[in-house]
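Notes to accompany the following structure.
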């Protein structure tokens, strides 16, 4: 398939949409993003890669980091996670406390904020002071690229504006579902949100999810085949907050979005995809990024269904 | 792949579980089912089929009929459905009124009761008095089998015990999301629930969903390729009520369960599957049926992820 | 105290407000009310009565009938009511299904629709076919006036537009908290809503609630002293839907409003009050009626606190 | 009336109940209370006072402090409070986050935790570093007793176990309804909870609420007459969390309970009452204290209704 042509066609189609939507503004570093930016990268398991737009311009991956955090947790803790974080779609915004209170502090899934905070707690317990560098190291290893970094000023901003995340963590702590002190757990969590990468790096970092957990270029096993299937299932049912059903319905690929404007998607056995455009739709997902992926599945015919 | 051997292996594995779980008891016809019954059928798109257990014993397909109803509605009404029924997972039991009230009478998806009741309303508007035979006719055509029938005594029982469905329909009517009178709409809905079939028929009736909407044996087009993808996406995210995430996570195939103990599942481009065992787990899905599908994906390696 | 002067002063004060708010429009008979109408009646336990405005013009008392229904039920069934209807404020609109589903079909109190529907069910069980005339008879007896009647055309209208009440009744029936068939129960309920009276009759009919249950003019005991105290407590905490707290806070008297624009209020040991003005505030209570009662407590100093 | 005799009769009646219920155990200082302790004090506006049991044994007044906090806020900020804290019953437990999220961070009333936290925020803004001594000073002045004090070890315990209060405060801060930093606000709040007093002091401190805001013994005006009426109305509709309706129904007096086992109640124009017994019923209110007040209204006939 001529993926270069497909990317060009997508680029043409989405150009009129650039600038629609709203850039996240709750922290300064995100608010400064240019709503006209766009990038898309394909990393095939056969080693080929295709890029269009600003594919070497880093951005804040935000919630996309939740995928890597859960990969690590799944390898380390396996089934024992399930008493603390469930795997069901939430049907609610990413940071709602309502469901969490009704369900006694057990988050619906690891891709909404409270779920990722519990995962951060588990990784903090396991790695202690090394939790943050360990998570960063895992992503760097997946991307085969030591240049991926955390952005301290973003981590700091999340801290000072993250009242709702403090509310979530304290509520879960009141139910006994946070072991470490809230400050340490959120420190880990906020640093994960602050990871910066560009689409070329992100596509590279997730290609193992299209290849049963093994990096097709280096042959390093990042995740078991069984766990890879589960990560993909979770991305399909829970990857886009309260628009997960619509993403599955329209695009039909496992994916995960971040409020920074990035989205990753997986075509099992074929490739990983990363797309970036910072202006968001009303569900908090990249407006142009979602559209680009919808066009991609239409033009390529790739879908899991 | 030796599917006969796989079915035999599954049969052996699930035998000790038969009798666990609880047969639905809210209407007499369901309560009479034998909790030790088991059947499983595979219908490959290459025409082969494999069966084990009581694959010619009919049972009440109940909510599995919601798939066929939505197929018809999607073909007839296309995007105009979306103002009346959404495509998001619900995260709640199949008949909850809470979400429905918060969301102004617009059901989350067509595979929970209120969503299917709205679909029944749309089909009732379109077909008038012929709604019930038209829906039955569509399933018969999909199965290439005129013997599939509705069970009047079950339809009648649903009627006299269906207070919650009356509550759902009246609540939606108060929001203006039911056009016809409640009695007519529920008459259509209850008759759909009463359809009886066996696993061989059900697998046959759904094989077009594994083949982009076209019956691979008769070449009849039941659904467009685009709509087929969407039905499968919906089954993956919403097919099992508040256990949909877990089904995707553990089994990784689009599927739909019914309270009568049946489950269908789709392996895109390969086959459809129907399984039956009437005793249910606490989510209201067939306990042994769910297990059999989990074993099937493990032994065959078939998954969309 | 010069109650005539107080009524005149209130009349002057509220005149500029007449026409503000919105007349209930869900049934034709209510929609036809003149938003500029106003009436207020005081019935003292010493036999004196004071009136201003259209105090002989009948209107639909709607939910005010819930007070009389609960009086009857309390006398007949006493403490055994509590398994079926609670006595807590609801904090939700009068016809919400959400709380009812969470609380397994047990309504919060008898002054919201579902609570009154359960009371209608209990009275239907007790009186059979005579339920409707028995309730009307009780109100006539309390008012010492056989002219108070039900309005069949309003009862009929409630019937054909009452989808939400059907939803509530069916939901409670699904929980086993409605014994009779839904149609009969709602027939009783809708007829109670259709009772017509004017403020002079309403003040007269409720004066026993200011006099420990005994009619101060006829000496007929309508309710025990203990039950009277409880009715007044319920009116104070639950009499105005989700504005009950504000009514207690600003007015400080037990009261009950109806969507027809009437409100009754009790000054224990002194008098009963009825006020009417059909235009409603956003909580569904008479806008001018609420204001008139607030002025009354200010000018008279009467309050339970 | 012979109040001594009434107290003796109550004491006899409640003796068999002592030990039933459960002492609050979430902080050590409360857990150590003796479930057999009982005390009751009446402070009449004519200056007489009556006591029975351990009426000079101090206990943690906990949420009863919310009454004094709101009195101060009402005097200082008057109607401007209403944009930040409502006056409606909540129908939910004292520390639920669900309603708070649905209602955008505006608490239902000042007598549930989030409401009192907002009041603490307002008092912290007004008094700065003097907030804590100012509140204590107000209570001492009301009681005409400088010996009432805060218990630092309880305040500290609240701090280290108060995750849910941190969750509430952070959630409201995310909605912009907390102005000061969360730590300072909760410091004020936890110190208020830690106030210790005995029933004689508490009855004395609240007698102005039975006397239109003016201390009947010293003639000091603590609160306007209008505001006193509103405090009493609020206690009646919201003073006992999700058992407020039942308290009004069975006892019929404005009152406020604390998790330490104390309850205050007001008989307008007659007296204030304080009762203490640390074992709680399932609503979190003193089991014996509630019973004692019910008996008091029965034996004395005092009720607002």
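Of note:
Lettered A, B, C and D in written order, each chain numbered from 1.
Simple rule for what comes next: contacts are C-beta pairs under 8 Å (C-beta built on N, C-alpha and C of every residue); 3 or more make two chains touch, one makes a residue touch a chain.
Not measured: the values here are computed from a predicted model.
With centres taken as mean Cα positions, chain D sits 47 Å from chain A.
Per-chain Cα centroids separate chain A from chain C by 55 Å. Annotation for chain D: no residues touch 2 or more other chains. Taken pairwise by the contact criterion, the protein chains form one closed cycle in which every chain touches exactly two others. Pairwise, the chains that touch each other are A-B, A-D, B-C, C-D. Only residues 86-92, 99, 108-109, 228-230, 232-234, 236-238, 242-246, 248-250, 252, 254, 268, 303-305 of chain D touch chain C when the two sit together in their complex. Across the complex, chain D meets chain A through its residues 96-98, 101-102, 163-164, 166-171, 173-174, 182.
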